[in-house]
Each structure stands twice: as structure tokens, then as C-alpha cells.
Amino acid sequence: MLVNCVLYGKDGRKLRDIGVDEIGTALAQNEGFVWVGLHEPDEPLLDRLQHQFGLHELAIEDAHRAHQRTKIETYGDSLFIAVHTAQTVEHRVAFGETHLFVGHNYLVSIRHDASLSYVPARRSCESSPELLALGTSYALYAVLDFIVDNYMPIVADFQNRLHELEHAILGGRFQQRTIVQLYELKKELVQLQLTMTPLQDIMSQLVRLYPGLIRDEVRPYFRDVGDHAARINETAGTIREMLTTAIDVNLALVGVAQNMVFKKIAGWGLLLTAPTMIASWYGMNFHDMPELLAPHGYLTVFACTVSVCVVLFILLKKTDWL
Amino acid sequence: MLVNCVLYGKDGRKLRDIGVDEIGTALAQNEGFVWVGLHEPDEPLLDRLQHQFGLHELAIEDAHRAHQRTKIETYGDSLFIAVHTAQTVEHRVAFGETHLFVGHNYLVSIRHDASLSYVPARRSCESSPELLALGTSYALYAVLDFIVDNYMPIVADFQNRLHELEHAILGGRFQQRTIVQLYELKKELVQLQLTMTPLQDIMSQLVRLYPGLIRDEVRPYFRDVGDHAARINETAGTIREMLTTAIDVNLALVGVAQNMVFKKIAGWGLLLTAPTMIASWYGMNFHDMPELLAPHGYLTVFACTVSVCVVLFILLKKTDWL
Amino acid sequence: MLVNCVLYGKDGRKLRDIGVDEIGTALAQNEGFVWVGLHEPDEPLLDRLQHQFGLHELAIEDAHRAHQRTKIETYGDSLFIAVHTAQTVEHRVAFGETHLFVGHNYLVSIRHDASLSYVPARRSCESSPELLALGTSYALYAVLDFIVDNYMPIVADFQNRLHELEHAILGGRFQQRTIVQLYELKKELVQLQLTMTPLQDIMSQLVRLYPGLIRDEVRPYFRDVGDHAARINETAGTIREMLTTAIDVNLALVGVAQNMVFKKIAGWGLLLTAPTMIASWYGMNFHDMPELLAPHGYLTVFACTVSVCVVLFILLKKTDWL
Amino acid sequence: MLVNCVLYGKDGRKLRDIGVDEIGTALAQNEGFVWVGLHEPDEPLLDRLQHQFGLHELAIEDAHRAHQRTKIETYGDSLFIAVHTAQTVEHRVAFGETHLFVGHNYLVSIRHDASLSYVPARRSCESSPELLALGTSYALYAVLDFIVDNYMPIVADFQNRLHELEHAILGGRFQQRTIVQLYELKKELVQLQLTMTPLQDIMSQLVRLYPGLIRDEVRPYFRDVGDHAARINETAGTIREMLTTAIDVNLALVGVAQNMVFKKIAGWGLLLTAPTMIASWYGMNFHDMPELLAPHGYLTVFACTVSVCVVLFILLKKTDWL
Amino acid sequence: MLVNCVLYGKDGRKLRDIGVDEIGTALAQNEGFVWVGLHEPDEPLLDRLQHQFGLHELAIEDAHRAHQRTKIETYGDSLFIAVHTAQTVEHRVAFGETHLFVGHNYLVSIRHDASLSYVPARRSCESSPELLALGTSYALYAVLDFIVDNYMPIVADFQNRLHELEHAILGGRFQQRTIVQLYELKKELVQLQLTMTPLQDIMSQLVRLYPGLIRDEVRPYFRDVGDHAARINETAGTIREMLTTAIDVNLALVGVAQNMVFKKIAGWGLLLTAPTMIASWYGMNFHDMPELLAPHGYLTVFACTVSVCVVLFILLKKTDWL
């Protein structure tokens, strides 16, 4: 689906919306650039774009199929960038994909799956034409910055989830649910880092390379985005490290808790078994058991049993077995 | 066994099938190239090939013995490539080996063990002679692309197996079978990554090096194959990481489950031991136990015992020991 | 908030306090440099500084928002450095942030969050003007040295906490509290290393690069600071490694302790169950049990029971089950 | 001990056995090279060799003392190589050491500890003089190839041992013996990899460096040996990785088995405790227990007890507690 | 404290002991070098040395304070080296520090903490003046070689301790003491490696760099020392790796042992509970229990009980529950 296709002048101002098939002519007459936004385009549309911009067959194939790795590739004098986007949909992280074609006078963005529209990024660019006058490299920055910024709330959410898990684990509430959540958080972190690490690479390439396409004035901006990506990655790494520690610590706490349970079981068992043994003893049927006939025999045994139990109770409490 | 041996013209079109011993003469007369496909060849056949193409003795020795590492080696102006192939045979991954000799006018592929025929790759090449006109480097691409693409369903199958294991583990169904499956999946992943990591290297070498043999037009295609290999490797790495986490998480869950089992055992034990103790007590044979003669003595004790059990049951339920 | 803003002469002596808006004029007339200290400045103040020194918009944005990564960046002929500071506030480590702008004739330090004032560093500089005469690079050294030195007591505190934990764990006192402390120490260590590792990088860059800004005479001083940072990092790494070992060792000790608990439980259980069994036996109501009528029957059984218990006790003690 | 000392002609043919002290003169008259084989030589013999070939004092010291690391070192225009050898002696891996001095016209091999004689390698060289005509670098290849090939059966044996351990662990037979074997295998693997990793390095140096000593025709042979070393190392790495997984998996399986044991214990305990409780109850001595006098009282209780046990048995079986 | 201060001639022979304050004059008249040995010097002594040799203030500061990292630093045309030393004091490893200043005509060694005197190293140098004639770089080698050689017995001791631990763990003797020893060994290993790794670096720098200070003839000697350091480091790494495995294996063995303990407990419990249950049964007071009156009733039950116990015993033994 074509979201929008706009021609910008050399001064960064929006000239007009144009049709896909006019692009070639418009660019021939004008020194500005075209910024095309697509969402899950079908093959005919991609073919028309390929024709307009002379894109490489392999890149178009990649752009059609989602499930690309985060990467940057040069095809002649144009760049193909594939990045993963993320947003929170119904309390879960939904990953999407965006493919970008960058030439000296065009920028094509193709969104796949769950993915926020780039309209806000475009609008913020249009509101400062003096920056957009820097050309496609500034527009590229705007899109990448928007993508990376969208990861921020997700990482913040991850941190909250870590804090909740820490609370549950260190508080001694070991539940299956806690461990399942821990596993899921780990999984999403692995996916996040798989995206962020190459993204840092892409940014550092955009800071240093591609002199024909990237204006020097825009390079500090890419460094800034790369820095944000690095910060996200670092935070994710820290969370991951603490998750691993949390699993280990959880094992240790379960062991400690088990020991306490055992001691309690054993302690109460002993406390109940002792009087049972005494009672069994005087349940024997010997004809000649002097205690049974002794005056106050029953009372004496009763008193003894109670004393034994009390002493045991105190002893077990003291040595932490109850 | 010779699978096929075909002479292609300079324009990429198939000229004719030829015999192994004609190769030298055919290449001398023609500017095209020869593409030879072999399956577990015997030594005499390899000797004839060595003679036709002037291959290095060490390379031929490698090609005869399976169990080579994934590698790329130059011998003079020809390349020797050894890669591992994989396919699913009866629900298990079967690994095979393919050795490739690449010269500027010949490509020899030698398959060992379980391994799909390269006939489909060859046929797809023959159907677009304009690409095959790029020479042996395009044919090499076709074979390598076919090999890497065959890993895709295997990785997808690995992901399914991970999901099943996750389901079993996080659902609390710890069975010996689950853990055996987990171990086997890990083992196949290790083998897969041992193959994929050097394959990525080979691809990146084919993108950058060997200017005499690899046509510049074909380099983006090798980059594409390398990209697929990287994606497979990444996915395998993620699965592996999650498997490790799953083992850890499993331990934690087993610990939690054990604690619950202990508490249950202890709870029911207490619930049964209490009335036994009371009963033992009144089984004592003292002559003078007033309770035994008291009117309603039995009923009182009965009622007390029931009350004790009920109170215990409620207490234990509340504190999660039943 | 402006903490202070001082003009220094070429000879390193303090000339006078000046206002932010005089800076430009003062520098134009003088060959010395300005050292500005800020604490959580508001936007208008930052804007005035940006105007006075011609700082880059992105750097000012970074300086306004805390939560930057530790980093060094060049903007034209000036440097932007972001570092994290640490101090102990009420027995906990509080991390802060400091941003530094360095030009050939100005140094601006901006403190955020918990962070000690740099007044002591400035005062020590002013007391040796022959060193301050080396210019902004020496002032920069003074600030960075002060920051890194403030980490020393924190690392020493970490070591003390490790020793206490070791004592608790190896002494067999496994408590939930111990493990919670262990987890928290690990977390602070991760954060510390996340700061120290890039700081080492920054120092090694200051030793080698930025020839216009960093005087060669000051480079050994930066090497010294880098060395301190490396030592802190190394110590933190060692503590972290030992923490991991401590968790593992704790698990092993819990296992050993559990085994001892089990054996004790089982031993005492056996010791109590044996007489109960004997007593139950002679509690049977058969008409014809010769032992019950035998003279000294009761005494014999009593003696036997005691002997059994004593023998059991000795046996269990010997085999370590009691 | 001197094993052999042979002079070879320029054409690779053996000329004659010579004495150690003739070497200097023989080499002066001849354009071939000398290949000396020693086994645990004493100091005087080493001194004579040092004198004949002008070897460096430090290298001779190294060669005398075993326990060198695997390494390659240049001394002037000669090479000193120390490698570890391995062979299976009485079902255990015995490691030995070989030191090699290589000059342009001599090769000295010194074996220490358990180590196979290099006579087979020498004999195979002598049977193809056209290759030995390549000089000392080919003789060096022959020795190194022989050493690396001797590791092959050891790695195969390791794999067999891994398979047996896997069988034991995954089959649920956790025995102390299994774990001891696992530990020993790990130890030998670590030692193997400590040898193989630098050996790969040495080979890759022999492929690229030392132009005066290593003939270009021999370089592919060293690449081949390096490849074998890499394969051995890779296999060892895989075994090691799987061993680690096996230990983890073993822990998980022990946990699962423990849970089953607990449940069985608790189940049978319950099944025995229930009738005991009932029996204790009717063992009470109350004067007035109507059930005791009721006609068929005993039979009723007997029937009830059996029913309770049967029901319990079925319930426990169903819920997997028996 | 000044240990000794000696002037050596150009031929490597000792000329005479001199005072610290004569050094400058002596060196001005002579072409030899001065070798100064200090042990925990006070500040005034260091100041006099600084004055004599023109050392950098930062280096002197480092030399005064112990607790430097192992490092090599250049100050103008002199080197500052800080290394850690180790020796066994009362069965424990005591680490010390040595700082070395090396100029083209002086070597100053400053020892801190537990540290052997370098008198033996100096004496061995003086006994071979032809080597000492190589100047300060040979004296430096002598000191560093002495330091590294002193690590050898420590590593050998570590290996012995590992063997004892292996023996204890694999032999199934899990004691708290074993695990504490394991932890302490790990800690000392970490410290050892922290010293050895940079020491290898320093040696490799001395082999390659500092052409004005290090004579080429001495470089192989530094390579030799570096090699020893590498061997120590490797051995330490192996011990560390095996320690980690030992902890894991210990956990597994504790699990296995626990299972055996459980089974034994449960087995004996069953064996005692069965007769108790039977006895309780015939302790019931029903008026009408035919078995109680049956002739030989008691004998029959006695026989039955014994049979049940024997059968149970055999069954439990067979299934490994006793």
C-alpha cells in the first residue's frame, strides 16, 4: 500500500504529492528529492518503484519478503537498509520490519508487520525545512531516529518487569509463573539485542562511510542515533545479566527454603513420634508391668510425656528445627 | 558415480553432455565452461578428473575422503570449497558433504553421504542462460544457494522443537524424555553452527576476493547467500541460548515443584500422625486411667480427634502445606 | 545553577570571577581560559553558554538530559565528554552524571543528580598555577582525576561486602538475606563496570589523540587516571568473578547441608521407630503369647529395647547418620 | 639417545648414516641435508649438536627440559618448534613432547616421554625421494603430519567415551562412576585443546612465513596439517560443549528422578500409615466402645481398611505418586 | 631501605658499592651502569633517587604507593615497570610488588610487602660479567626471570591442591571444608592470572619495543621469560577450568548421593513400618477376632511378619532401595 509519495524542493520545502509513475519525470526536472512511504506493498507496486529508481533485483526481492536481518548493503550508488522495529501491542512486544532504499535524490521506506507509521517523523521534518534541505540523508536520520526512539519505552518496560521479577524472587515467592515470566523476558531481550547490535553497526557506518549519500552535516545526527541504540543495547545487556543472576540466585534460595522445610517436617515429626513411642510402650500387654499398677502411674507418665515434649520443643526451636 | 557432465557455451546455453575424457579437448575448442556433477566417485574417476583439470593432489585426496571441515582453499588459479549439507531424513537431520572445484572454465561438484541432488539448481540455471553466461561463478552461486536454502526448513523444524520443549518445561511437565530431546536438539544445533559459521566466512571471501574467478556481477548474489547463512546462524544461536536458559529454568522449576511435594508429604503425614498419637495414648494399659471409664469418654476423644484433624487440615491448607 | 565561572590567565593564576555573558569579551581580550562549573542548569543558562562558546545543538541537548552513556565526542574543535560519578549516600552507591565541554580556552562542567562538587579539584589546581598554566587540558585532568578517585572508597566498600558475604556463605549460614545482598552487590558491580570500561577508553584516547586540545605534558597524567580506572575495573571484575563462584559454592554447600539434614532426620526416625515397633508387637492381644507371661518378660524386653537403641545409636553415629 | 642421523642428497635420496661429529664436515662438502632423530638425549649429546649446528643456548636449554609449551620460535635463521604428542597407552591418553630444530640443511627431532618413534615418517619420506628433494621443510611436514595424525584415534576414542556417557546419563543411570569418567574426559579434552590451538597457529605460520626455510611447494602440505589440527580441535570443542550440557542435563534428570522417588516414598508411606491409624484407633482401651462389641465389628473394620487401602492405591497410582 | 647500590663497568664487572648521592658523578665519569636495590624506601630516599636520575614525578608517586597494577610505562627515555611477586609464606600465597626504573645506565628495583630479595639474581649476574656487559637490559632480565621463576613452585602447589580437591570430590567426600578450600584456590588463581596476563604483555613488549634501552642480544631472554609466564598462566587457566568443572560435578554427585540417601531412608522406613502395622492390627480390642484365639495364631502371625520382612528386604535390596 502506498502511504505517501512527496516531492521536496532543494530548500527542503514540500512541493507536492506525486504519483509513483511521475517520479522519474519529476526528479529529472527538479533538484530536490522524493520521499516514498509504503506499507506491505504488493509486487506490482514494488516493480514500478524498481523501474522508477533502477533498484537491484536482489534488494527488491529482500524488500518484498519480510524476515530480513538488520543490515546495510550498497547496490551501486544506492543503499539498502533493513531494520527491525518494535512497539508494545496489548502488553506484549511486537516486532516489525522496515526496509529503506536511499539514493541521492530518493528515500523509500517499506514497513512490514506491526509497525508505527512514519508520518510523525515526516511531519517533524517538514516543520524544519532548513534541516530537510540537507537532503535524503536527513530524512533517513529522521526515520531511523523515530525507530530507535520507539525502543525506549520497551526497554523501560523490560526494566519494570525485571524489577517485579527481582521482587518476587528475592522476596522468596517462587512460583511457576515467576519463572515463566523470567523465561519470556529473556527471550524478548535476546531478540532485542539481535536487532540492536547490528543497528549500532549501521549507525557507525553511516557516521563514517558513504560520502556521496550522507552529508557531513548529518553525520553527528547519526552518531546520536547510534548512541541511543548503544544505550538501549547496554541496558538490555544489563537486564540480561541480572536475569541470569536471578535464575542462579533463585536456585540458591529454593535450596535454602528446602532446608527450612525439611527441618520443620523433621522437627514436628519428632515432636509427635516421641509421645507415640511412650504410649506404645505402655500399651504392651505384659502381665507384670509394675508401672501400670503403680499409684499415680498414669499421671507420672502423663507428666513425663508432657515434659519430654516441652523440652523437645524448646530444643528444636533453639536449633532452628521448628 | 558421474551424475552429469555438461558443456555450456559462452552465452550460458547448454551445448551438450560430454564424457569425462573429452573435457580437455572440448574446453580447448570452446570458450564456455564445463559443469560436472559427481556422487561419491571412486578413485579412478577422480584420477581422470584430476588429469583433465590439473587439480592438486592434496585437494583430490580431500575430495575422496569425506569428513572435511567447511573450508575454502586456493590451489594455484583454482578454488577448492568443502561445505556441509543437511536434509531431514525420517524426522532426523542427516548431514552430508559437498566438495566443489572451481576454475575459470569448470565447476566440479562432488556429493558425499545424505545429500540432495543438485539437478534442480542446474535446471534453474539452464532456464536463465543470461545469468549462466556469467560463467562458473554463477553456477557456483546456484549450488551454494541451493545448499543454504536447504537449511531453512531444518532451522524452522528446530524452532518448532524448541517451542514444544518450552511448552513441556514451562508447563511443568518434567520428564526424562523432554530432557533427552533437549540434549539432542542442542547437539544438532552445535553441529549446524559448526557448519554455518565457516560458511559465512566463505561467502564473505567470495564477495571480496578471487578476482580472476568471481565475476563482479555475481558478488551481490554471494552476499545474499552469506546473508541467508548469517540468518540461519543467528536463529540457531538464539535457539541455543534459549535452550541453555530452558535447562536453567527447568532446574528452578524442579526445585519449586520439589518444595511443593515435600510440603504435601509433610502435611498429610502430620494429618495422619496426630490421630495415631491420640489413639496410641488411650491404648495404654494403666489400671487407673480415668478417661477410659468416664461416661462418654470415647465419644469425647472421638470428637476431639476429629476437631484436631479438621483444625490441622484448615491450618495446613492456609499455609500451603497441603 | 551556576556554581562558578572563573577566568584564568596564561600563567595559570586566577584573574577574576566573571559573568556568563562576559565570557566572549573576556576571552577575546585575554590569552587565558575560562572554567565554568554548573549544577543541573536550566535551559536558558545552557542557551547562553551555547551562544558564548558556539557549542553544537546535539551536545547541548545531551547535556540537558541526564542519562547519557559514558562517551567522548568531538564537535568541530571542541570535545564533549560524558562520565558517570559515584558516591556513597546512606550506605548505598548513588550514581550521578557529569558532562564536560572542552575547548582550547574553556572548560564547562555540568553536574547532574547525586554528585560531589568539583570545588576541591578546582582549589587544588589554583594552588599550583604552574600546572594550571598548561591550560584546559590540565583542568580537565583535575576533574577526571577527582571523579575516578571518588570511585576508590566505593570499590573498597564492595570488597568489604564481598568479604562479609564470603564469611556468611563459607561459614554455612545460608540465609535469604545473604543471597539478597549478593544479588544487590552484583547489580552495583555491573553498573560500575558499565561506567569504568568506557572511561578507560576515554582516558586512552586522551593519552593519544586530540593534539590541538591536549598538551603533551598533560598526557602522562591522563595515563595515570586511566590506570586508576583500569585498577578499579579489574578489582570490580575480580569481585564479580568471585561472586559468581560464591553463588555456585553456596549451591554446593546447601546440597551438602541438605544431605546432613536428611541423614539426621532418618537417623533419629530410626531410633524412635525401633522401640515403637517392639512395643507395638507386645501390644498384640493374642491369647497365647508366651513372652507376656514369662517371668521377667517385661524386664527382658525392656533390656532388649534399650540395647537395640544403644547399638543403633552407636552404629548411626559411626556412619555419620546422626 | 641418538635414534638415527642420516645425510640426504640434494635429490632427496639417503646418502648414508653419519656420526654426530661428522655432521659439520658432511654438510660443508654436500648440498643435501641432515636429519637427526633423538630420544631423551643427555646433555653432552645436546652440547655436541649445539656445536655442530650453532644452536642458541636458550633453545638447547628448552630442548633439554621437557614441559615446554607448544610454540614456534626463530633463532637467527633457524626455527625451534615444540609440540606435544599423544598416544593411547593402556586405555589412557599419554602425552609426550617433541622439539624440532629446523635449519636450511638440517632437521633435528628430540622426543621426550611417551612418544612414538618417527621412523615410520622417515621411511615414508625415503620412499618418495622426489618429495624429500624439497629439503628440510618437507621432512618437517612429514614429522608434524605424523604427530597430528596420531591424535586422530584419540579424538575418536573421546567421541566413543562421550557416547557412552550420554547413554548412561540420558538413560537415567546416574552413578558416581559416570560422573568421574565425565570429569576425566573433560580434563583430557582441556589438555588436548591446549596443545591443538597453538599447533594450528604454528601451522598457519608455516603456511605464510619463514621464506628462507619453507619452500613454497611445501606450504599447501602445512595447510593440510593445520586443517587436520583444526578439525581435531573443533571436534574436541564440540565434545567439550556437549559434556557441559551433559552435566547440566544430568542435574535436571537427577532432580526429576528425585521428585519421583519422593512421591513413591510418600505414596507407600501413606498406604501403610492409613491401616496403622485405624488399627491404633481400635486398640484404645475405652470401656465403652460400641464398635468393639458390635456383631461383625471386626469384619466391618477389616473390610473398611482394605477398601481404604485399595482406594488410596488407585488414587495414588492415578496421580503418579506410586 | 637501601639494600645495595653498585656501580658496574662497561665490561659487566662490579666496580664498587657507591652511595646514592654519588650516583650522578659516578655515571658522569664512567660508561658502565648503576644497579640500585631498595626495599620499602621512605619518601626522602625516593626524592634523592628522583633527583639523581631525573625520574618523573608520577612514576615516583606510583613507586611510593604499593598497589599498582602490573604495567609498563615510558617516561621520556626511561621505563617504569610494576610487577607483582609471589612467594609461599606459611602455606599461603603472599603477593608482593616490585617497581623497576630502567634507564640506559641505571636499574632501580623497589620491593614492597612480602617479596624475596633480588640478591641471588644480582649474584648470578655478577658471576657471568660477559652477560652483564650487555647492560641494564640484562640486569632487568635477571630480575624479571627471578620473579617469574618464583611463581613456579606456587603453580605446582596449586596443582597439588587441585589434585587433593579432585580426590575429595570424586571420592564422594563432600565436606564443607573441601568447598571452602576450592573457593580459596579459585580466589588465588584469579589473582595469579590478573598478574600473569599483563606480565606476558610486558615481556612481549620488551621483545619487540624500546630499541634504545633493550639490546637485541637480550631480546630472546625476555621471550624466554614471557614463555614461562605464558606457561604459568596456561596452567592456572587449566586449573581454573577444572575447578569450575569440579564444582559442577560436585553438585551432580551430591544429587546422586541424595537420591541414594532417600532410597535408604525410605527402604528402612518401609521395613520397620510393615511389622508395626501388623502388630497394631492385632492390638485391636475387638471382642471377636478369631485370629487371636486360634491355636498357633501368634506363631502364624510371627512367621508371616518375618516372611514379609524378609521378602521386602530382598525386594528392596534388588531394586537398590536399601
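Note that the chains are named A, B, C, D and E in the order they appear, and that numbering of residues resets to 1 at the start of each chain.
Here is the rule we go by: a residue touches a chain if its C-beta (ideal position, glycine included) is under 8 Å from a C-beta of that chain, and two chains touch if they have at least 3 such contacts.
Because the structure is a prediction, the values reported are computed rather than measured.
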item	value
Separation of subunit D from subunit C in steps, with touching chains one step apart	2
Any chain in contact with subunit A as well as subunit E	C
Chains contacting each of subunit B and subunit D, listed by label	none
Same-residue or different-residue interface between subunit C and subunit E, half as cut-off	different
Rigid-body rotation angle, subunit D and subunit A, from Cα fit (steps of 5°)	145
Centre-to-centre distance between subunit E and subunit D (centres being mean Cα positions), rounded to whole Å	25
Centroid distance [mean C-alpha coordinates] between subunit C and subunit B, Å	41
Residues within subunit C bordering two or more other chains	248, 251, 255, 258, 262, 265, 269, 273, 276, 280, 283-285, 289
Touch-based graph of the chains, sorted into line, ring, star, complete or other	ring
Order of the ring members, counted from subunit A so that subunit B is second	A, B, D, E, C
Residues of subunit B defined as touching subunit A within the complex	166, 170, 172, 220-221, 223-224, 227, 230-231, 234, 238, 241-242, 245-246, 248-249, 251-253, 255-256, 258-259, 262-263, 265-266, 269-270, 273-274, 276-277, 280-281, 283-289
Of subunit B, residues touching subunit D in the complex	56, 58, 62, 67-69, 71, 73, 75, 174-176, 179-180, 182-183, 186-187, 190-191, 194, 244, 247-248, 250-251, 254-255, 257-258, 261-262, 264-265, 268-269, 272-273, 275-276, 279-280, 282-285, 289, 291-293, 295, 297-298, 301
